[in-house]
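Common to both upcoming complexes is subunit A, partnered first by subunit B, then by subunit C.
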Partner chain A sequence: MSEHSLRYIDNGSFFTRIDALSKLLWVVLVILVTFQLTDNSARLVMLGLLFFIMIFLARIPFKSVWQAMPIILIMGTLLFFVHLFSTPSTSYINIAGFTLGQQGFDKGLQYFLRITIMVLASFILIWTTDIRDLMVGLVSIGMPYRYAFTVFMALRFLPVVQQEVDAVKAAHAIRGRAARSPLQHRFRLWQRYMFTVIVNGLRKAENTALAIESRGFGAYPDRTYTKQFHWTKTGIALILFFILFAIALLLWERSLI
Partner chain B sequence: MSTPVILGINLAILVALGAIAKTVKSDPTTKGGFNFNYTTSDLVIMAVLGALAGVINTWMGNIWYAANTVSPIYGAALQGTFMWAYVLAYFLVRKSGTMLIIGLIEASVEALLGNQAGLSTLGWGISQGIGAEVVMAFCMYSKFGWLALGLAGAGASQFGTVWSFILYGWTSLQDYLIAAPINMISGFIFSGLLGYYLGKMIEKTGLLRSTRRKEE
Partner chain C sequence: MTTEIKSIGEPLVRFEQVTYKHYDKPAPALSDVNLTVQRGSFTLLVGPSGSGKSTLCMLLNGIIPQILGGKLTGTVTVEGQDISKVPVQELAKSTGMLFQDPEWMFATLKVEDEIAFGPENLRRDPMDILESVEQSLNYVGMQHLRNNLVWALSGGQTQKLGLASVIAMQTPLIVLDEPTANLDPATTHSVHQLILRLRDEGKTVILVTKDLDEFMAEADDIILLAEGRVVAQGSPRDVITQHGNKMLELGVWLPEPTEIGLRLKASGQFNKSVPITVAEAVKDFADLKFHASKPNEKLVTDSETLIHAENIEFAYGNKFKALRSVSFDIKQGEIVAIVGQNGAGKSTLSKLLVGLLKPTAGEMTMFGQSAKRWKVQDLANQIALVFQNPEHQFLCDTVREELEYSLLAQGIDDQAVVNQRVEDMLARLDITDTADSHPFSLSAGAKRRLGVATMLIGGSAKLLIVDEPTYGQDRRLTERLMLLINNLRREGITILMITHDMRLVDTHIDRAIVMANGEKIFDGSPDILFQSPELVERASLRTTTLRRLVDGLRGLGITVPDGLNTVDDFIGAMQ
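After this line comes the complex of A and B, so read on.
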């Protein structure tokens, strides 16, 4: 599901061309500023900015956004209803014929917006950034390349894990596994899948380690990359613009401007 | 209920779990000490386990989110199901910092696969990793028995709630305190014991002979 909707979309948009580190820094700033906001209207403005970036600057296809929407909205909606019904209210409002507690509604909306903003910002980063560029960027600011490589390798292993699961399932099917069986039997099968997949994965890990070491991985403190990392002017402009926007938003919600 | 209060409660719990881990008997036990000298094999093992755990936890996360938004008590019963790979990686690699690193890798994979908290998932990777590391640091990373690893799982499970609290903001301290023992039992069983027994089974396959040989 998410593997298809949540992946890098190389569409040459303005946001895609911004360097990976600036975008990562921008997401961190979005999260930090969101925690500082105290008013729901300010959070709505922030969410509006993210939608503007997603649609106009990143040009994310509608299909990808639509597929990811359940992931983005489910959590926020759940939090909204939990806080709506669990927060004690002293005043009440009427929305579409329903009487709701004012304080519960405000708190529910607060958590809905907070979570939605954070998740949407993260997804914009994923949609517009090649993970390889992000890793090279992190190495360029001092992250040891062996650790950056480990994260990158984990992502490279994902399709291998899927293939492994398919292979184990096929092996079980050949040996006469029942297509339909009681829950207890399914649980035992799942246990066997897990263990076999872990063992096969570790066997691959041993072989991979040997292969990359024989190619000189880790022999030197530094390594070179085919694609170098460079800070972009648009990236710096994004950060500066966002800082100014955040200051203005914080002052506005506190009625200081 | 504020973040410093929650942090204080959890630090006290971690210290208590660490102190217990220090006193319990453990088999196997090694010389221990801080060792951050990871071999390539260690890093690849962590990458593979991180990928596997990331896939499983992304799926499991959907169930946990639904339970946890309602109350920490419901989420607590499932909280421990996320850290089995931390304990397993530590059991296999046997070096300090392993659980924090795999926490970061696994959370990165989850974030990129579409976890509902986005990049905030990294907060759980870090907090749960730190929780397990602190418990193991108390016994100087020398114990690899089921009880010590179970306590590490409990610590990871409980300390992860600090980040859950920051994100979700529960209001009832009473609920939180009721959830704490459930969290720790869940972490002890589903992370600590599961990770330990998976490690033991993998050890029996002889798959890690080359890794162990390098250490010797």
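After this line comes the complex of A and C, so read on.
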């Protein structure tokens, strides 16, 4: 059994049982609302909601969350520092002995929270959705199946790429370190991970493309499905609840200003 | 020379003067191939690595030339359709193909969705598809796994799902390209039984395999390829009789009883037809006489203990215990195999030995120091691991740089010494002419040898671990790799192999550690292991055809000495 973090977790949770399109629509709404928010307190509330959904409604194991954290935090932290140092500030704050620009800090935090919310919402979708249901759902609302399948394949191969990186990392670790400087060594390894993962990834992607074409994929403009897409009541409830939550959050935020 | 083939029905497949050159390759992969495959027949496609077997398979569903390009001359037809003109997706109705690693063929997440994927593409009625899914699941015995995620399947289940997906397409032709290359012997046997059922049900089956012993008596045809040319096509008996020695010379694995028959016939000691099954060999060799028992010549080691493990355990997360209370010693100069079913804990054990994982319980001492204290990179100077996919290990842009890297990693940076050692190693492994090539561009055999070289060039390694040495290698390449490994052992390096290849275990190994469900169930000589049917079954192993031959002869009351582990041993023991 593989133990990779970014893949569908079929645990029968409340969120897993919601139809794929409602969850996709929910992610889109989360992103749209996040861009409407202007205050970091409101963004923190939104982040809190996502954690609530992740832990209680989706029952994502802590290990999967922990393994995915670096992806979320690296992007958020990078954006935080870019804005911290590139935003001109007129007032200053002191945090743990460091003097930082107030406006830069706020903007950095704003981007950190935005990216974290967007990535986390997408991860919840990946963790709780059989991507095939998403593909069938997209086709049911008129998307040509070849395009819908492209989305599907991209998500299907995320864990595979993770697996490949792990295998290459393990193999490289036992080769020892040739460079004198640890940084130089690390750089070389990263360069090589990228090369090996890309070469093997392309080779495997080519094999997959050959395999699915030889199973008739793309033979006709449409195809049949043994499982049909159905909107679920819980999905509609999720959307309605989220719209109400978003309105309340926006009103609360405006009242703070 | 081409022998007459048995006619079963109309030709389903026809190759006429087919020559094919891959894009950007100077030499053709197939040259002037003419052959037919009859409807309802069972054909074995054999040949050494790089002989064009996979290329020939990919012509059968149009992947070549329609997707992979290249230059094709001549005509290939399947059910009368020209594969260069009828689209690949349309040919999917005629040819079902199972690739070597079916995991890459999976397009969905769940078992039953995967089986339905192909028929859905062909716009079959959903109710019919569901019926096909049901039948295919029954066929491979995976009804209970229908809702499982595809990545949670074992190696054997993955292959069976691949087969079920092909069966559900309901194509008249089924092409199987080494479907059991990485499976344990018992699972391989069960997949072989499924393949034979397909033949019984009237499918036309073309199978690429190196495990010929279960199919020799069942196949209608063997097609022997070498350097892209058809060397022979005909019934197994005819091809073996006329081309058996050529097959051995080319590096094709033949069942041991067949090999014995060929060699005895060549030396004039045997004048019957060459046996192609164990049962035939037992009958044909019944009048052979053997010398008395010979002493076991294998090394008995009583040397320094390199690794001592006592009741070690390892668990992935909280749920799955991959190792349970495993104890063993590895002594200097031994050659040891770790064998057992897929998922028995073999790979976990090898990762513990190189320090990539640490035991979650128990005590392991490596080179006199607790495993917990070793760092992977320090341990790398003592233990060398050659991965099943050596590409994962490569870090540089040329073969020469790969070897230099390993020396630098061990602190050897005197340029004169580095150059000398690299040249010596290149010459020793016969890869000097590829010194400036990219490691990824080497042949499968050369990649394996480079994998060994990168790990040993520093000269300080005391233990070499090789993961599946015969995977993807023909007989000649395997023998070359084993020659290298045996030479290393003579130089004092301890060898540990993880393998499913029982012939390799019988031929080269002093001691086998047998794993089943995370536990060590046996630790001792392969001779003792293979005498216990219960152990063999529990660990999903299978005895070699040579052992089955010896057992058969003994069953007839013939005295056959112990320790006949190779064809050479068997012939050498004859009076």
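Heads up, the rule we're going with is that the second predicted complex is superposed on the first by the 175 of 257 C-alpha atoms of A that agree within 3 Å, B and C clash if a C-alpha of one lies under 4 Å from a C-alpha of the other, contacts with A are read in each partner's own complex, and residues count from 1 in each chain.
By our rule, a contact is a pair of C-beta atoms (placed from the backbone, for glycine too) under 8 Å apart; a residue touches a chain by one contact, two chains touch by 3 or more.
As the structure is a computational prediction, the values presented were derived from the model and not from experiment.
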Report task. Considering only touches as defined above, state whether A:146 meets subunit B (first), subunit C (second), both or neither. Result -> first
Requested in this report: Using the touch definition from the top, say if A:130 reaches subunit B (first), subunit C (second), both or neither.
Outcome: second
Report task. Identify the partner contact of A:247: answer first if only subunit B is touched, second if only subunit C is, both if each is, neither if none is. Result -> neither
Requested in this report: State whether A:87 touches subunit B only (first), subunit C only (second), both chains, or neither.
Outcome: first
Query raised in the report: Given the touch rule stated above, what does A:199 touch, subunit B (first), subunit C (second), both, or neither?
Result: both
Report task. Examine A:173 and indicate which partner it touches, taking first as subunit B and second as subunit C; both and neither are also allowed. Result -> second
Report task. Have a look at where A:208 lands relative to subunit B and subunit C in the superposition and call it first, second, both or neither. Result -> both
Query raised in the report: Can A:74 be said to touch subunit B (first), subunit C (second), both, or neither?
Result: first
Query - Contacts of A:217 with subunit B and subunit C, given as first, second, both or neither - result: both
Report summary line: Footprint intersection on subunit A (subunit B / subunit C) at 1-3, 131, 153, 199, 204, 208-210, 212-213, 217-218
**Report entry** Touching residues (chain side subunit A, partner subunit B) in the complex
**Finding:** 1-3, 5-6, 27, 31, 68, 71-72, 74-75, 78-79, 82, 86-87, 111, 115, 118-123, 125-126, 131, 146-147, 149-151, 153-155, 157-158, 160-162, 195, 197-199, 201-206, 208-210, 212-213, 217-218
Query raised in the report: Which of the residues in subunit C end up touching subunit A in this complex?
Result: 58, 61-63, 67-68, 87-93, 95, 97, 99, 101, 104-105, 107-110, 113, 116-126, 129-130, 133, 147, 149, 151-152, 165, 169, 316-317, 320, 351, 354-356, 376-377, 379-381, 383-385, 387, 389, 391-395, 405-406, 408-410, 440, 454-455
Report summary line: Residue positions on subunit B within touch of subunit A in the complex are 38-41, 43-52, 54-55, 58, 65-66, 69-70, 88, 92, 101, 104-106, 108-109, 111-120, 167-169, 171, 198, 201-202, 205, 207-208, 210-211
Query raised in the report: How about subunit A: which of its residues touch subunit C in the complex?
Result: 1-3, 7-8, 10, 63, 130-132, 153, 156, 159, 167-168, 170-179, 188-189, 192, 196, 199-200, 204, 207-220, 222-227
